[in-house]
Amino acid sequence: MTQIDLNCDLGESFGHYVIGHDEQVLPLITSANVACGFHAGDFSVMHQTVDRAKKNGVAIGAHPGLPDLKGFGRREMKVSPTEVYDMVVYQIGALQAMTVAQGTRMNHVKPHGALYHMASDQQKIAEAVVQAVVDVNPDLLLFGMDGTFLTKVGEKAGLHVIYEAYADRTYQTDGSLTPRSMPDALIADSGQALAQVLEMIQYGTVTTTTREKANVRAETICVHGDGTAALAFAETIRRELQDRGITIKAWL
Amino acid sequence: MTQIDLNCDLGESFGHYVIGHDEQVLPLITSANVACGFHAGDFSVMHQTVDRAKKNGVAIGAHPGLPDLKGFGRREMKVSPTEVYDMVVYQIGALQAMTVAQGTRMNHVKPHGALYHMASDQQKIAEAVVQAVVDVNPDLLLFGMDGTFLTKVGEKAGLHVIYEAYADRTYQTDGSLTPRSMPDALIADSGQALAQVLEMIQYGTVTTTTREKANVRAETICVHGDGTAALAFAETIRRELQDRGITIKAWL
Amino acid sequence: MTQIDLNCDLGESFGHYVIGHDEQVLPLITSANVACGFHAGDFSVMHQTVDRAKKNGVAIGAHPGLPDLKGFGRREMKVSPTEVYDMVVYQIGALQAMTVAQGTRMNHVKPHGALYHMASDQQKIAEAVVQAVVDVNPDLLLFGMDGTFLTKVGEKAGLHVIYEAYADRTYQTDGSLTPRSMPDALIADSGQALAQVLEMIQYGTVTTTTREKANVRAETICVHGDGTAALAFAETIRRELQDRGITIKAWL
Amino acid sequence: MTQIDLNCDLGESFGHYVIGHDEQVLPLITSANVACGFHAGDFSVMHQTVDRAKKNGVAIGAHPGLPDLKGFGRREMKVSPTEVYDMVVYQIGALQAMTVAQGTRMNHVKPHGALYHMASDQQKIAEAVVQAVVDVNPDLLLFGMDGTFLTKVGEKAGLHVIYEAYADRTYQTDGSLTPRSMPDALIADSGQALAQVLEMIQYGTVTTTTREKANVRAETICVHGDGTAALAFAETIRRELQDRGITIKAWL
């Protein structure tokens, strides 16, 4: 039986500010990456998001980010590995308490935005993130991309790593994502996206922008819930995968 | 054997800003109320404070406050009970993870500043704070003053309540503290403070500003670490209590 | 010639968070109350909002609020008059520089949310707001409601006060707004709203919820831009007033 | 007549957090760089600092920084030139209003910490800072170091640039400061510091760490007020310069 998880960033609203269509995307996904109040989200939104995920039977994960609400955690800051360790412990802990208080539990951790990229590219930041997860709860799954420091360090530390892949982003020869600054970075056609996902799941490869094959492990696919097009896209991916007998389910 | 706990607010520094003399007060106290990043403290300071408390064998507690760094959590805000519940769950969780990550554990919860006062005076705020503690970890001790909603609601919910009393504040006929706005609110003389503490510990009463007796339960005494005078005061209280055979120890 | 100003709160987005339909409401109004980064808005949004208002020939005003992004400046905080004075000076100054830098100017000040209510009901807060305006630039217009401390203190200090009235809120016998907690606080019918506005402009009275007449000065009408219904409402008011020969224009 | 200005960063306290000995350093300096609420300071502290500077006859300047209270504005963030422009306009405007409200005026602008370094090293950031100053008030003086983009761009834009030099930092062959990471970056000996300042003022050169001469323009010397040693250092520099007939005075 082939199994795949569909994950989405959730709980990114803040106070009176609303981002995302959490209610609509929840029935489509199996893992929610919940913002923890640093780059997005707040304690009220976290409570609500945990409740909603629980009601939808969606696995809950922490989505820790840089302390930068204005930049939505997307711009790099010069933070030391120690600071990264501390901010990840803090955010994981806050969400963990929120899940326990609502009678459920936290299942995974996926760093957000610039922190995700920094943990992918810089060994010391990867080590800080991984150590924070290990120290708070070594049973937590770690989401990250194949070939990055984040997953390499996570594996080495004995964490259960879940390999994340993208349906709507193209890949380069080395298995990394084409940077968003490049013209062919995004996949707009849902047929092409589906073909890419199927290839990754069934053969463990991806067809790169140079028409070569690169090895890519795909255990969870990142989908988006911010807009009508994104929701339709997620719905298509989900249905087509199910039609091919692939089980859509969180890794627990 | 008579036992008393000495508690102090700690970890109130923020970034480059330093408040308190944590290193000096830690050898004098048995419970540390650690700021959780809302009214004071940040994730780096929390890590350091947990480390220091652990090294000194001091019990660690969460000191959740209102989200108001500029006001140091001392000014009331119109927050709903639900918001209070969520902000307490969040802050307790963050500190809990910090203690677990450092191989130790969180022992108690004491609300800070305006939140402490609101939880003392308003039943719904008390219920929100107590429910947050119960839902995150019902084994946590709850610090609060005798005769307040906070401790009444805490007892009713089955929490282990530790009654807090003050050495350097006078009491009114009903057992409540004289407001700081009154001329005789503070006790500057360490002899008078010591006498008050001894009376509270040994007889369960306090001599009020009108020279009457009020019942006051005292299981933990709040001391301060912000300045030379405060440190000397804490040192005197500690030594004099020990000299009278009273055990200075955290409730575990 | 009868003249009326239509004002709307603008520039309330923050970072990646969008609130309001500023582009659509700008052609309908004549004065924009621009958030100044405390309860909403940020320096980037302020720049953009000043640019847009300038292009639309809409007068620009500062909309200073309490420092509470999570609560959108709508919940009261215990702030001293001195703090209010300082936060208003700061926010007015920031927007003033933004207008000067874009080759335009700031025309008015209208406090936001809880600060507006506090300045209406509490004399000392009104005095703090008014003094801040006087000290930064006494030529600025002050928006406020008839019968409040804000406008009384403003008049006494020699400021040019512009009286603000509401199209979609009912009034009580004393000329104050029916609190939102009451069932008949809001006017949903645009015909009734228009009739109320016309009565206020032409006769200086309003028909209260008890069918009496109360005196109400109306020189600027507050409209909303957050949603399709609000935009349609603003459009109707604007067109109907113009059709009756009333000039829609900012007070300069 | 040889004239030199002594400047110091001031008003860096925040809420209950105190940094610096502003009262003691004010009689020693002639220009105060006042934090504007982003990396340090708040609206209350700004008011107090403007008052104190005015009473001491010290010229007041804006000290805009990155929006990073936790990092004290010392860590680089990936901000665009547009964001820098907007944040500088905002902060300059806030302080300008504060000075006008207290019956005085703002005299200069000096970027803080990481923003100062970014504006020194990156042309586009320098252009953003300079344009913000030009657009808000082209009569403001701009403080910056000789040989940097900040002062080059400032001169080209027609601003009155004041060249800043350091008494307690060594210089490299190209006239730039020795990075703090190097062992010989700091000058601890006040005699050496004084000699360096005198050489810069009288000959426009500095003796570098390799014992060569580099050209360095020095019109204002940056001193520090954070600690007993810093204050003694500032006092010595001031007295020795005065004894040599050098006029200690702000550039107005």
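So that you can tell them apart, the chains are marked A, B, C and D in the order they are listed, and the count of residues begins at 1 in each.
In this section, contacts are C-beta pairs under 8 Å (C-beta built on N, C-alpha and C of every residue); 3 or more make two chains touch, one makes a residue touch a chain.
This one's a predicted model, so the numbers in the text were calculated from it and none came from an experiment.
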item: Chain B onto chain D, rotation angle from CA fit, given as a multiple of 5 degrees; value: 180
item: Between A-C and A-D, the pair joined by more C-beta contacts; value: A-C
item: Averaged-CA centre spacing for the pair chain C and chain A, given as whole angstrom; value: 42
item: Overlap residues in chain C, where contacts from two or more other chains coincide; value: 70-71
item: In the complex, chain A residues that touch chain D; value: 67-68, 70-71, 75-79, 114
item: Chain B partner contacts - residues on chain D that touch it in the complex; value: 14-19, 40, 42, 69-72
item: Of chain D, residues touching chain C in the complex; value: 37, 43-44, 46-47, 82-83, 85-87, 89-98, 100-102, 132, 135-137
